[in-house]
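Right after this note come the structures.
Same chain, two partners: subunit A is paired with subunit B first, then with subunit C.
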Partner chain A sequence: MMAGLANVFGILLVLVITAALLTWVERRLLGLWQDRLGPNRVGPAGLLQVVADMIKILFKEDWVPPFADRIGFILAPAIVMAALLLGFAAIPVTPGIGVWPVDGVGLLFILAMISLSVYSTVLGGWASNNKYAILGSLRAVAQMLSYEVFLGLSLLGVVLQARSFDLRQIVAAQAGMWFVVPQFLGFLVFMTAGIAAIHRLPFDLPEAESELTAGFHTEYSGMKFGIFFIGEYVGIVLVSAMLATLFFGGWLGPVLPPLLWFLIKTGAFVAFFILLRAALPRPRYDQLMAFGWKLLLPLALLNLMVTAAVLLAF
Partner chain B sequence: MYSLLKTLWLIFLHLFHRRETIEYPERKAYLAPRWRGRIILSRDPDGEERCVACYLCAVACPVDCIALQKGELPGGRWYPEYFRINFSRCIFCGYCEDACPTYAIQLTPDFEMSEYDRRNLVYEKEDLLISGVGKYPGYSFYRVAGLAIPGKDKGQAENEEPPFDPKTLLP
Partner chain C sequence: MEPLAKADITGGLQSRFGAGPRQATRDGTPTLWVAPALLHDVLRYLKDEADPAYPMLFDLTAIDERMRRHPDDGPQRDFSVVYHLMCLHAAEQIRLKVPLTGDPPSLPTVTDIWAAANWYEREAWDMFGIVFAGHPHPWRILLPPTWEGHPLRKDYPARATEMGTFSLPEGKQAAEQEALRFRPEDWGMARQSESAEFMFLNLGPNHPSVHGVFRVVLQLEGETIVDAVPDIGYHHRGAEKMGERQSWHTYIPYTDRVDYLGGVNNNLPYVLAVENLAGITVPPRAQVIRVMLVELFRIASHLVFYGTMAQDVGALSPVFYMFTDRERVFEIIEAICGARMHPGWFRIGGVAQDLPDGWDAMVRAFVEYLPPRLDEYEDLVLNNRLFKMRTQGVGAYDIDTAVAWGVTGPNLRACGLEWDLRKKRPYSGYDSFDFDIPTGSRGDCYDRTAVRAEEIRQSLRIVAQCLAGMPAGPYKSEHPLTTPPDKARTMHDIETLIDHFLNVSWGPVIPPGEALACVEATKGLNGYYLTSDGGTISYRTRIRTPSFPHLQMIPQMCRGHLLPDLIAILGSIDFVMADVDR
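The block that comes next holds the complex of A and B.
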């Protein structure tokens, strides 16, 4: 019981702190990739920048615009945070660390939570009663329609190979070979869909700063805005952890302890996501939808069918 | 697709490039000698004020941040009784330096003049006046100008011929 509680609160605490620290990590890494330095003034290497930002954002007025729909406006940031944090509950960090000791259908649960987090974007834009925000929400819906289908389909190859929806068994099934090798296509499709699912660049169409000011969170300020941001970073960690768990063998690895392997793999994907942001431009959303429906969905289906056929034949 | 991967790789390589940032308080950026920063009033090589209070700088100033008052020394030299630049208005355009006929007012490569109190940005003459000649060593207005001052009569300036006497016919 105590161990379970320690697990729950430990993971929650580490996750939230990591998400907050990622604001600093992202700015430093973006700086490095743009030949700058990034924030390096507050504390050692700028680490206390996070604290400074938190103090600033916590002391801002917690404001709801008079024209906004109050309930939806307040609910929206809570949804994304809650859904993505809940999604992390199913991730097995190591054999001993993880919120659910046994998860029969952990993968489905995470996918469900990622789907739920879209409501936050839609609701936030809708409740803001602002034309930029509603445009952002419309795009979020369009984006969800294009990625949600193959977000699940791309993982079915992994599920077929591991013969389980249980993330621990999926990791255990990768003892011989990481699934990224046989499921390379699925990996690519899932990574694309995952980036789209958490609205990271280059698929940050719902918030597209250059065209929609800030998209769905145009009207947000103070800590509600902060929660959207932290939620986004929790999403990055979640998708990175999923990529590490499903395709790169989770905690499996030689020499180093399991926890370290998991952190290294997840951290590498987080850094890769930031690199994507630094490097790639944003597509139009009809391009994204065409890309999703005409290329990635057939690829995901192909991957699924070939995997199934191979598994049946041998 | 290939171009995307290439972009990613090239951006990643920037990790090992030299940083463009100059970490300011510890390291200062190089400022060219003609950089337009804090305004000073210079002196001529003899140590006298160069400013002759002609008001051209105040007229040229697009934001009207220069205020001065002409005074006259016994020998006939003009000088500013007060000379005041309001740096909270100054846009460092350098028009005053262009307008100055005596190289008195000059812009210097210095910008570190922040103040907590806005009134401290109003510089008086004693704040502006420096002891040196600034960017133009050796130049002295009264040495080249035709004006008669004590110790230098008409026709005694550099490159100046003696005054023409209209009452004689000799060349």
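The block that comes next holds the complex of A and C.
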């Protein structure tokens, strides 16, 4: 019982702190890639910038615009945070660390939680009663509806090969070879759809600050904005952890302890997502849709059929 | 239809329409007085039938003539409305002036000939109270609709101390805010179509992608733009009115602030116009120094454009690299001028100072530093597939449309017209430099970016030639109206001492007359049309900026596109609001 609780709160604490720290990591990495410094004044290497930001954001007025729908407006940031944190519960960090295997269907649970998180974006934009926010919400819905399809489809190859929805068994099935090799197409499609699901650049259309000022969270400030913000980083960690678990053998690896392997792999994807943000322009909404339906969907289906055929034949 | 040669175009108009009389001007632009009743026929003829034709309405403005001490030989009038038409073929302008009396002074609109006249006429109404009969939207443009009076009239005060105290009681504030409300009906827009209700989206005046304080009201169906109404004036500071109370010399720093990214590109047309009025010839060294500075500023301005254009379509990093490079340009500019963005460094008759020791090493290092960086940016931005997807085929227009709307500069060359004033009508010795004019072919956002990217390289070529061939000699003219005049000679004879004393204390007295000077600035043709009444200050300072007509064309460019396309279009126009509103 105590071990279980330690597991739950330990992971929760580490995850939330990591997500907050990622704001610093992102700003420093972007600074590195953009020939500038990033925050480097508060504490060693600017690490305490996170603390300073937290203090500032917590002490801001908790304000709801008079024209907004109060309940929806307050609920929205809570949904994204809750859904994504719950999703993380199913991630097996190491054989010993992990909250809950969800009765062997952990993968489905995570996908469900990611899908739920879109309600936050939709509700936030809708409740804000602001035209930019509504446009952001509309984009979020369209993007999520499309990308959810192959977010799931792209993983079916992995499920077929591991013959399980249980993430621990999926990791165990990669002892011989990481799934990124046989499931390379699935990996590419899932990574793309994953970025779209947590709307990071180049798929950050619901926010698109150069077009929609801040999109769905235009009206948000203070800690409610902060939760959206941290929620986005939890999302990054979640998708990175999934990529590590499903395609790169999770905690498996030589010499180093399992926990370190998991952290290294997840961290690499987090850094990769930040690099994407530094490197790419943003496509247009209709181009994003076309890309999804005309390219990613056929690829995901092809991957699924080939995997199934190969498994049946041998 | 007998073709009229350039030289006798005004004579031809006189014999054909009975227009006249001709007016001699300092700048040699053929100038003709036209009665309001004849205006339409003459303009239509010049646009469509004349050979060569004048297809571009370059500028339209007015002058309040009621306070003239040295009237010219034109007809009796209270106001003059001045039309500058541009013949692209010969890079020549013709100036038509319409004398007006009466209250309010009135003449027919020419929006039916040039749609581009729309904003210019609204500005003339706003600033001078001149009524353009038949104008589709005869409202103020730069000032708020609640404004009283017409500021560029001579009886309107220029200083805050000449006006009553300003107060904003609650009732007035509410009325002012209500006046800003957008009413689609005013612009002939429906609130709904048969199938859907339109969304009217206020983009700006504060928005990350409008490059300053600029408002566009969009009529949206989903994210598709049905129509747009640009609203300008939020950055209006009365630069033209200031020209009427600063001396010829002290106005120079104000010009810097018009296109605040262009720096000395603003000084140049102004001092060229004043030098034309004063009859000053600038020595060769000053000319080359000017060209070098102008091109360095063109590079700086284009780098800002390049980076922000990439940022507008979502690429976050290029702007940092390009601002780093721009910093290198500013290091040179700072070493030479002592200031960065607003050096105010050109002088009537030359430049402020000679080049500092070691300038050549700095310039040489920069000329070698930038090209490899530009290659990288080409991969990062222009060759990026996402960037191409976002910009190719977006906001395209053809040459004829561009010319009719008064589009100049890189935005015109992006359509494929090789037209650059530096080549077509070289000034400041540009004819002795070797450089190419990059052009596009489709006139879309991508071409506008690519043309500017290539112009950076061409400007580097010019700077390199300045470096190699910088002539020796004085950096300003010995003409007595040069301001400030050469100090060294003042101790040798009383005449130069008097000149120096007067020019420095009162400012130079520029002989009466009028002159228009145009340069190929960073964003297009920048022109200063100065009228001197024989005093120490300008009687009328008209600033023709390239960004003003470019913005007027926005609805034309964005109809049917999506909202993100508008952001790409705004970025690709490369405007600064100070250049629009002045």
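Heads up, the rule we're going with is that the second predicted complex is superposed on the first by the 311 of 314 C-alpha atoms of A that agree within 3 Å, B and C clash if a C-alpha of one lies under 4 Å from a C-alpha of the other, contacts with A are read in each partner's own complex, and residues count from 1 in each chain.
Please note the rule applied: a contact is a pair of C-beta atoms (placed from the backbone, for glycine too) under 8 Å apart; a residue touches a chain by one contact, two chains touch by 3 or more.
Keep in mind the model is a prediction, meaning the values are calculated, not measured.
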Contacts of A:D69 with subunit B and subunit C, given as first, second, both or neither: neither
Taking the superposition on A as described, I'd like to know which of subunit B and subunit C A:R284 touches: first, second, both or neither. second
Quick one: classify A:L275 as touching subunit B (first), subunit C (second), both or neither. first
If you tally the residues of subunit A touched by each partner, is the higher count for subunit B or for subunit C? C
Check whether A:L135 is in contact with subunit B, with subunit C, with both or with neither, and answer first, second, both or neither. second
Just subunit B (first), just subunit C (second), both, or neither: which does A:D35 touch? both
On subunit A, the residue positions that both subunit B and subunit C contact, one per complex: 33-36, 278-280
In their shared complex, at which residues does subunit A touch subunit B? 32-37, 40, 275-276, 278-280
Contact set on subunit C toward subunit A in their complex: 199, 201-202, 207-209, 222-223, 310-317, 320-321, 324, 384, 386-387, 389-390, 562-565, 567
Residues of subunit B touching subunit A in the complex: 4, 7-8, 10-12, 14-15, 17-21, 23
Enumerate the contact residues on subunit A facing subunit C in the complex. 30, 33-36, 131-132, 135, 138, 201-202, 204, 208-213, 277-287
